[in-house]
Structure formats: structure tokens, C-alpha cells
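This is the structure, below, for whatever I ask next.
Chain nomenclature is as follows: A, B and C, assigned in order of appearance, with residue numbering initiated at 1 for each chain independently.
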């Protein structure tokens, strides 16, 4: 697909994009620098270079556990939210039925409710059904708040797919589920990946809800928030945050490779 | 064998069940709290009697109503800013990045995997009175005093929120741009339309639904935003969501917090419905 | 099953919601434990306090016990969570809120004869955990509240009204808490904070609304919000606990901790045992061992807070901590105002007032 667009214009889109990336990565660069700083506060001047903090990360079982929890919860919540978003997108765009608008509204409504309110609401729910708080409850909560993002992104994409393709497939004898599986999903592939990644990220750094729903096993943001009270633990936390970002990049690259391979 | 119609149950069933249990029920619980008599810390086991006293109190406190209005306005500004600035980003991804688009997209989203708390701490380092930006400006002789505006103010909240929304806002626009049939652009070019003309008459109208989705996606949660105002807003940038959070966490007054949340919900939904009517829903889901 | 008609869905959901609320009402009532206690504890704690440093003696004595934590970040939140049905066995909160826990039947009496470290707790602190002569709470951490100020920018602070001084506009930071604000106003005006009239409260609200622009920001997290801002020079005058004072002193920053003429404030952290707990014996042991030298001492060395174990406090020899706690100056404690008990009406009025201040 060759890039056809505004052609040779003077609009500096490339530099604009690069500028955006620079702004986004500036604080990360700062954190990266401080993860090697021998001092324990986020202030200049730097007090010497060291790998100690990264070494300390590897030895800190609680820290690694919290990171692992966030990854697990993120994957679960993102998967559930993306599946729901996908089902809703197909249902709403390809069918006419009573309650179509209601379903769409339902999938989008979690956006309106502040996380702290959702936190209390979930707390009440889980107390009422006597479900002890755990990573499961966090994943459930996160899947709900991530659903609107997945739904909106997938609707934006699916809306542009020509239904004629599906009709053609059914004319050739495929059932509708098979059509969805073999025709629609592959076409939506890249968008599914972006939706999933977005949901993962929403869950990964979420704290307001998690703090209400986490049981004995904290997610990384909850753990981080508690640990920030210890002034001397800051550099290790920064090192961990940098490592987690690299892990997310690796995850995303793997997802991209898988998608590329399937083309 | 499932026909088209039969599949519908499987498409609608699971999401409805999941969302009904894990979203609607909690929401009903909050609504129940907002409508109960009595305030302060009330356990769910205490007898429930209906009352509008909290709604009356919220709507009868000018400061709260004003703050809601201010928050809505801020959200409008932020949504507009984010959508406008995300547009070139999406355009770049859709029309310029070619095969690298997924990679660039990933690069855009990945910073959000780093704890927001830590990123804000790093930004404060740079924006603070002795931080990098102010040092640079004073070294260059541009400012005599550190700029207070960049931190602990309402503009700081607006700028920060626009900044963090842009990558997410680019996604629906990008998705919409991806579905623009290139042949339409080629046809326009063949008919003699110049680049700007093609942009305004083909690209923009076709990507408008995506832009509108983005606008609402940003606007809706921003009305109730409280994390960023708490971190960078100072006393000036406090938003309605902070007060809701305050009633829940600082005051142990769940009924009041719930009432404020329900009012905000009602207002936001009304604005969205009006907005969607104005824009014509069909264009978004066509 | 046919999918329900969309129009019936809302009523269905309301029914489910109310049913669940009704279910929650069946949660009351203590559990019958004829069976042996489970070897696990759930503690409702403040972020950071779950670190094993603060209960290391218990961990050593009970290596297999499962100790898990729920989190709250304000006294109000923690009370609300307990009332909302938290299953925590142990709860940690601060002075001023004791009466609510007792009135609501959230805690049970503590048998201090089973606490081996109880005699190390000074009688004044023991008394703070008593309601109507019964011991419901065990004190653990404590500290002062006063004005922390930057000596390079600010002349010696002698009164709480430094927080209202226009000369420091843009460089003040007040704690984001209504009862705290009311206490400060009461000190400045010489009013009895447990007996404020409506007019006095209205005056307090107006004063704090006027004070609002003087702040750079209201702080919520001591080490996350306040300390960095004090150290980088954004904040010159702050309502603060001594944690940031000690941190800044250790870093060599130009700070001082005021001894206002109205007296400092002091707060004490209290632990209670849930009335519904299945693990009373284990909880007693947990609290007892928290008072032990290592666990209690870590509150001092890691958070720069005081600890209720008198022996630990007497053994402090770090000059920075001696300075921060004013150990060498007994007159400080004598003039200190300890946070009094607060009634439900007062709490509601004060917190509601503070939200209005925030919104203005």
C-alpha cells in the first residue's frame, strides 16, 4: 500500500511526529538517567553511575511479584475487554436489533464514571457477593473500564469494512461464524492488536481502582505508591519501571511480528 | 448450523452479561447510595430510606455547581485540543508511515506503560523552579523569574491532559483513516484536485467520524478527571472529580460523593446525546 | 434462554442491585468460631506500612502465617471501608476517629494482659486507645504536626498563622484535610476545637477560602508530594509532620521545624482488632510483636515517625532524629495539643466545609 496523501506539501508531518515522540519520551529519558544515578533523590547533580539499582531489582522478590501481577492482570483485562469490544462492534454494526443502542451505550458508559467511584462500587459489589478481593477482582474491574476504549477503536475500524465481503463469503457457503473468523477478524487484525495494547496499558498503570480491589497481592502501581514513602527505595522503583517499559516494548514487538507473519 | 441471525445471541449475550454484572450492578449500588437518607460513613447494612437531600445539597452549593461547569469547559478545551493535535499524528501514521505504522504506533503508546506517577515526578523535575526548563530559560536570559504557569495551575492541567491524551486520541482517527479507499484519492487527483483540495474534500470528511469518536472519547472521562489535577493542578486546577474523590476518601461521605457522581453522569450523558444528535449518529457508525 | 426484552432490563438490574444490597445486610454479626483459628491475617493498612520491616518480629515468630493487606489512604476512607464490610482482622487509623469504631461496633476489646510489650508503652499513649475505660486500641506510631519552613526564605515562624501570611503567596502548602484545617484555625483563634459554634465554623471556612491562593498546592502524600517540593524550593512554609523535616535535615537543606506559641499538634496511630475477626489470638500476637523493638524501631528509622515503645524512643541517638523529635526539649511536648476525639456531626461538618473550600 503506497502512501498516497497530501503529496509533496510543506506540512512537516514527520518532524511533528518526531517532536511528539520526543515530548513523550523526555520524562522517560530523565527516569532512565536517574536509574543509573548513585544518589537516591530525583535531583541534579548526579552522584555517580551505578548498576546497583538494576541488580537490586532482580533480588527484590516483592517488587518482581508486583510487576508480574500487573502483567497478568493486564493481559487478562485486555483480552476480555478486546473480546467484548469486538463482539459489541460486530453486533452493533452488522445487525439491527432492539437494544442495539443500549448495548453500545453500555459498552461506552464506563468512560463516564470516575475510577474512584467505580472502586467504591466494586468494593460494595464484592462485599455483597462475598467475593474476597484478589487479582481476579482487579482484572474484572479493569476489563470493565478498558472496554470502552476497545469498543470505540474497533467500531472505528469495522465501520469501514465493506459488508459485501461478508456477504460474498456467505454466498460461497460459509456460515456466519466462519465468515467472522476467516474474513472479518483477519482484516481487523492490526486494529485488534492496537485495541488490545491500549487496554493493556490502561490496566497496567491503573491505581485508583486497583487500590480498592487488590487483595494481598498488589499490582505494580499499588506497590509503587506504597513504596514511594521510602525515600531510599526510589531508584530501585525507577529501575523497575524502566524494565517494565522495555518488557512492554518487547511484548508489543512480538505482537507485531506475529501479525506480520500471519499476513 | 448457525445462520447470521443465530450468531447474534453469541455476540450480544456475553458482553451484556459481563457488563450487566460488573458495571450496571455496581452503578445501581452507587445510585442507591446517592438516593438514601443520611450521610457520612454509612454501611450498606443500615436501613435504606429514599431521599433527595444529597442532590439538593450539591445543587444548592454554588461552588460545586460552578466547579462542574468549569470542569465541563476544561474538558471541552482538552478534547478539542487533543483531537486537533492528534489529527496530524494519525495522518502521519495512516499516510506517511507506510509499513512502519504499527511500529510507530507502538512507540507512541509504550510510554504509558511507565508509571504515570513517576513520569509526573520527572516532569516536575523539569518544570519546577530549579528544573531544566526554567534553568534553560533563565540561562538564555528569556525569563527573570521561574514561570509559575507550567505547574500547579489550571493551564498546567489542560496542557498535561492534552499531552497525555494525544496518543490515545490518535487511535480512532487513525482507524478511520485506514479505511479511506486510496482509489478515491487517486480519482480526485486524476480529476485535477491539488493536495490541499484532496485533503479537505476527501480525507477530512471521511475521517470525520473517527475524529468525532475521538472527541467524545476524550471529553467524557475528562469531565470527571481527578488524578492529573491532584498532581499538577495546585489549588487553581482542582476539578469536579477531585471533590467527588474527596467525599469518598477524605470525608467518608459516600452518599454525597455518589450524588455528585450521578449528577455529573447525567450532565455528561445529556451533553453527549445532544452532541451526537447534532452530529448525526449515523455518520459515526455507517 | 431468550435474551430479556430490553425494556425489562433496567428493572431487572435494579432488582439485582437491591437484592445484593439486601445481601450485604446479612453480613453483620460476629462469627462463631468453635474451630481453631485460621493461620492468616488480613490487615487494613496505609500504603507503605505493609512492608515486612514493620512486623518483622511477627514474621520471625510465625514464618508460615499468611499476612495480607488491604489499603486505605485516609482515615475517612479506612473507616468507610470497615463500615462497608471489609473483612480485615486488624485496622490502622489515627487519633480523632476512635469513637466511631467503638460506636459502630467495628472493634473488640483488647486484652492487654496478653501483650508482653504493653508495659513499654507510656501511660499517656495507652490512655489514647481507651474509650469509656476499656482498651480498644494499641498505639503504635506517632508524630508531631507543625510548620516546616525554609530558613533561607522565611524568618523564624512563631505562630500557626504563618500559613496565612501573604508574604509567602504561592509557596505555602497545607495538608488536604478538613479536620486538620479546623484544628489550625482553632489554635490560631484560641477556640476550643471540640466546641465550635456555627459562626466560628463559617469564619473558618471563609479564612481557608481566602488562604487557598497562597498555596502552591495542597499535599496528600507526605513523601510523594511534600518532601520533594520542600527540598526543591517550591514550598517555603508547610503544615507538616516531622518526616519531611528529618529527610530535609539529613540532606542538609536549610529547614526548621517551628514551635508555634499556640503549641504543636500531635497525632498517634492506633491499631484495633475487628469485632468480626476469626483470628483474635493471632491478631493479639501481631500487635504485641509490632510493639517489639525491631518492628517499632523501623517506624523510627524508616519513616522518621515516633514509636509507642518507650524503650525505643529512649534509645534514639541519631542527632537528626533527636532534633526532629525535639527529644532534648521537654517543653515542646508540654505545649503540644493532642488530637481530641471528634463527634460524627463535627466530622461531617468539617469535611463538608473542606470540600466547599476546595471547590471555591
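The rule is simple: a residue touches a chain if its C-beta (ideal position, glycine included) is under 8 Å from a C-beta of that chain, and two chains touch if they have at least 3 such contacts.
Computed from a prediction, not measured in an experiment: that's the story for all the values here.
A comparison of the A-C and B-C interfaces places the larger number of contacting C-beta pairs at B-C.
Seen from the C-alpha centroid of chain A, the farthest chain centroid is that of C.
Computed from the mean C-alpha positions, the centre of chain A lies at a distance of 15 Å from the centre of chain B.
Separation between the centroids of chain A and chain C, computed from CA atoms only, is 34 Å.
Mean C-alpha position of chain B lies 33 Å from that of chain C.
Residue positions of chain A touching 2 or more other chains: 42-43, 99, 120, 124-125, 127-128, 225, 228. Residue positions of chain C touching 2 or more other chains, listed in rising order: 9, 20-21, 24, 27, 73, 84-85, 224, 228, 232. Touching two or more other chains at once are residues 12, 16, 20, 24-25, 29, 44, 117, 121, 125, 248-249, 254 of chain B.
Across the complex, chain A is touched by residues 1-4, 6-8, 10-12, 14-16, 18-20, 22-27, 29-30, 44, 88-89, 91-98, 102-123, 125-126, 163, 166-168, 171-173, 175-176, 178-180, 182, 185-186, 195-196, 198-199, 203, 209-210, 213, 217, 220-221, 223-227, 241, 244-245, 248-249, 254, 257-258, 261, 264-265, 268-269, 284-286 of chain B. Across the complex, chain C is touched by residues 41-43, 98-99, 102, 120, 123-125, 127-130, 132-133, 211, 214-218, 222, 225-231 of chain A. Remark: chain C residues 5-6, 9, 20-21, 23-24, 27, 42, 47-51, 66-71, 73, 81, 84-87, 221-224, 227-228, 231-232, 247, 251, 302-303 touch chain A in the complex. Taken together, the chain B residues at the contact with chain C in this complex read 9, 12-13, 16, 20, 24-25, 28-29, 31-32, 39-45, 48, 61, 63-64, 66-67, 117, 121, 124-125, 128-131, 148, 152, 230, 233-236, 238, 242-243, 246-254, 256.
Put simply, chain C touches chain B in their complex at residues 3, 9, 13-14, 16-18, 20-21, 24-28, 73-77, 79-80, 83-85, 100, 104, 170, 176-178, 212-213, 215-218, 220, 224, 228, 232-234, 344, 347-348, 351-352, 354-356, 358-360.
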